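First the structure, then my questions, so here it is.
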Amino acid sequence: MRKRTLKRGLTAFWWATLAFLYLPLAVVVLFSFNASNSAATFTGLSLRWYGRLMGNEEILSAFANSMILAISSSVIALGIGCLIGYGMYRHRHRKLGWLIVLIYLPIVLPDIVFGISEMAFFVQVHRLTGLLQPGLVTMIIAHVTFQIPFVALIVYSRFVGLDPTLFEAAKDLYASPVKRVVHFMLPTIKPALISAFFLSFTLSVDDFVISFFTAGPESATLPIYIWGAIKKGVSPEINAIATLMIAAVAIAAIISLIFSRRRQA
Amino acid sequence: MAYTGVTPSARSRGMVREARHLLVTVAPGATWIVIFLVLPSAYLMGVAFMTNGPYGLPEMPLSLESFRRLAGFGFLGWSPGNLYTLLRSLWQTLVSTGLVVIVAYPIAYYISTCRAKWRPIMLLLVVVPSWTNQVIRTFGWMNLLAPGTPLSNLAEGLGFIAPNMGLYPSNFAVTLGLVYNFLPFMVLPLYAAFEKLDTAQVEAAQDLFASPVRAFWHAVFPQTLPGLLAGIVLVAIPAFGMYVIPELLGGGKGMMLGNLVANQFAGGANWPLGAAGAILMLIATFIGLFAMRRIGKRLGGGEEVVI
Amino acid sequence: MSDTIAAEAIASPGAPQAGEVAGDEASREASSIEMQGLHKRFGRDTVALDGVDLTIEAGEFFTLLGPSGCGKTTLLRILAGLEEADDGRLAIGGKDITEVPPHKRSVNTVFQSYALFPHLSVRENLAFGLKMLGLPREEREARVAKIAEFIKLGDLVDRRVDQLSGGQRQRIALARALVNEPDVLLLDEPLSALDAGLRSQLQVELLRVQKRLGMTFVFVTHDQQEAMVMSDRIAVLNGGVIQQVGPPREVYEHPVNAFVARFMGHDNLYPVTARHHDRLTTPLGELTAEDAGEGGLLLIRPETLDLLPGEVAGDNHLPATVSERLYRGSHAEYRLEIGASTLQATLNNRGRHLPEVGDRVTVSVAPEDLVTLSE
């Protein structure tokens, strides 16, 4: 009897928590279709804010910047992180404590400290050498820095899960070092590479603080643009662009659900 | 054992090859992190000990001026502003972490009691909001808590807030934003702990102890402690350094350490002061990590609390 | 279940298709292996091989036998090129390959864990080596089809690796190595993960494959029974040193030292305290031996003993008491007490009367069955 009430209470709490989690997003989506520009009252359905988006060059370039940043940083991080993940695996019997510390550093460092360190460093390097002017390049560098550990750890754990004799079987079956990479290692860790890429991409698109401090005047990403718009005074256009980003996440969630289902089957 | 006539060439050739392999695979990433993170962090720490120049940039000579400023000593004597900010950061971290635990614990338990086929979907539902950008999520709360919204009107009607003030900007809004932001970080490790729960122990405890509260306290809670600790690390450390949420939801009176630090750089006001604040944040981070590791190790069970 | 049926099919005599493959193979010259002064250390003071000199003849089924840590696997890995010797030379078919990397050696290995590639199908696993060698697709397919027929893989070829049972994996691993037609095939305890029934079937199958192909097989095991069943010759290793090399019968019946004797399963070892021509004094009593050698330890194999009821006087007759009997159907194992010493005897179960525990009996042994060996 008591167990039943407990279960019912928990079910109610679960739905309340879900409401708490989705309410802010729902409000953003709802008001993106608001006919008036009031942030408090909903006056009717309209697509005018989406229409305005399409004509807003600042938003379009912010979107382009976000994509360039996410894709290029993920590709670079994938290469470097994959190498380091393999190195950590192959030399796992050595004392590599310093490497582990180095790998975990970007993960444990608070965002804000990460961001201002990079900013201070890039500003001074630029002052002294003229290189690394704040902009997309500095943002890519900063993003790669926090993506490397995730890629390395994913690749490392994939290798650790393999039978170590497989590496020897490949050697034994006439695969030269290059062929071992092409025909054995890369195909074997392909699932890990794909998930590492998507994680890096998501981390990059999701990031605001580090991008904010390493960006230049021309390299605003979508979150930076939205931040600026909020600071200037709320415009309903933000609801529209935010809704599109929420939609992208929802699609990603559904895809990941389908993938995990298929893997179970 | 007695044999020592090993040809040095064959052995050392192998060792050289392995060392070269280690270098080729690990060096690019390690160098990258050293140049683009270790060096900048070291530079930032150095900045904290320098003097503030005319444009907010650090200059020689070395001094402890920025730490004095951080503690509140300015040109006009001592003011408590920075100290309040620091205490507020600690308070907000404590309260929001506590609230996150209170919400996440029953949620994680509930998910673990549901049918196996639903659990992944339920976890996904908890996590998906955190995939959207933090700025957008916080913006959603601005919409919800602004003056004139139903929630604000309700609070006004109940007499919690003055008329036409709205629920944001306020410290309450910051706490709410923090809880919202970090809830999934706590649910996931707790769920992992509940999933591994040894039900035999729980049943034994139900036989041994008359009250379900004592059964919970002796059989369930200790088993979930590693997950709880992992969750606390995942929530408290980033909460202490939070920038976006207090900046958007807190207003001038809701500032936290992250804002104090960031403002010294974003406004170009005073790098050394900001760097001194960053050092404080780093110290807090490492104390937190260290403490959790120690507690985690003492709890034992081979379960190491790793971030 | 399906393993068992398939294995039986192969074990059945006179499979005609197999002859064709064997015929092809016979035209290939089998290769000998020569090892000289191989040394290998791990870390500072773990000696894996301490000077191994060994010649394996072309077409031989050769077994490296020893307890774990004796160096047998290290030796096999050096043959494969997966490990580099610190010192010494290695030649296969008269060609020095000491410094040739593994992927350039015409040597293939059947690994203990089978090491089938999880990202490839069974067919792709089988063709992996040929693909790395750069053979054109048609030839690869033809060779894979031929080996699949030879090893009777049937529809296994179209399965996924994770759908295979242990015995099936083992046979795929064997086929994946054989399809490359290497000079030498190395087998690293390939049967140790299988249950006893399947194991003895696959032993027979492996032996037949080797005899038909006439290929040089180097087999590693810690199981002396397996070694004796399979091998043309056995090398017993201990502490990185070869103790004895010879055909199974020689190693079993004439072990050169106490280690080899014990490893081959002998417990009846007694110090020779005095010797006068063929008369040996041992703790059991005085015994006459014929051509027993000059060693200080006497070995009495349990199966050479005979038990006579009661006390019977005679040469090489020892009075004893039965203290234990293990009845095993075809034979029985007895523990006998002679003074302060014990003696194991194994006798076939013939006749009506078997000695019981507590019986007084007389142990009899022929002088030519006694051998001595060094400590």
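Chains: A, B and C, in written order; residue numbering restarts at 1 for each.
Please note the rule applied: a contact is a pair of C-beta atoms (placed from the backbone, for glycine too) under 8 Å apart; a residue touches a chain by one contact, two chains touch by 3 or more.
Per UniProt, the chains are A, B = Spermidine/putrescine transport system permease protein; C = Spermidine/putrescine import ATP-binding protein PotA.
Everything numeric here is computed off the predicted structure, so don't read it as measured data.
**Student:** Using the touch definition from the top, list the chains contacting both subunit B and subunit C.
**Tutor:** In this structure, the chains that contact subunit C and also subunit B are A.
**Student:** Tally the contacting C-beta pairs at the A-C interface and at the A-B interface, and name the larger one.
**Tutor:** Looking at contacts between chains, A-B has the larger number.
**Student:** Report the chain whose mean Cα position is at the greatest distance from that of subunit C.
**Tutor:** B
**Student:** Quick check on this structure: which chain has its C-alpha centroid closest to the centroid of all protein C-alpha atoms?
**Tutor:** A
**Student:** Between subunit B and subunit C, what's the gap in Å when you average each chain's C-alpha atoms?
**Tutor:** 60
**Student:** Quick one: subunit A and subunit C, Cα centre-to-centre, how many Å?
**Tutor:** Centres of subunit A and subunit C (C-alpha means) sit 57 Å apart.
**Student:** How many angstrom lie between the CA centroids of subunit A and subunit B, rounded to a whole number?
**Tutor:** 17
**Student:** Going through subunit A residue by residue, note those that touch at least 2 other chains and give them in order.
**Tutor:** Not one residue in subunit A touches at least two other chains.
**Student:** What part of subunit A is in contact with subunit C in the complex they form?
**Tutor:** 162-163, 165-166, 168-176, 179, 183-184, 187-188, 190
**Student:** Write out the stretch or stretches of subunit C touching subunit A in their complex.
**Tutor:** By the definition above, subunit C touches subunit A via 80-82, 101-104, 107-109, 111-113, 115-120, 128-129, 131-133, 176-177, 180.
**Student:** Which of the residues in subunit B come into contact with subunit A in the complex?
**Tutor:** Subunit B residues touching subunit A: 18, 21-22, 24-26, 28-30, 32-34, 36-41, 43-44, 47, 103, 106-107, 109-110, 113, 120-122, 124-126, 128-129, 131-137, 139-144, 146-149, 180, 183, 212, 237-238, 240-241, 243-244, 248, 258, 261-262, 265-266, 271, 274-275, 278, 281-282, 285, 289, 307.
**Student:** Looking at the complex, which residues from subunit A come into contact with subunit B?
**Tutor:** Counting only subunit A, the residues touching subunit B are 2, 7, 10-11, 13-14, 17-18, 20-25, 27-28, 31, 39-41, 80-81, 83-84, 86-88, 90-91, 94, 99, 102-121, 124, 141-142, 144-145, 148, 152, 202, 205-206, 208-209, 213, 222-223, 226-227, 230, 234, 238-239, 242, 245-246, 249-250, 252-253, 256-257, 260.
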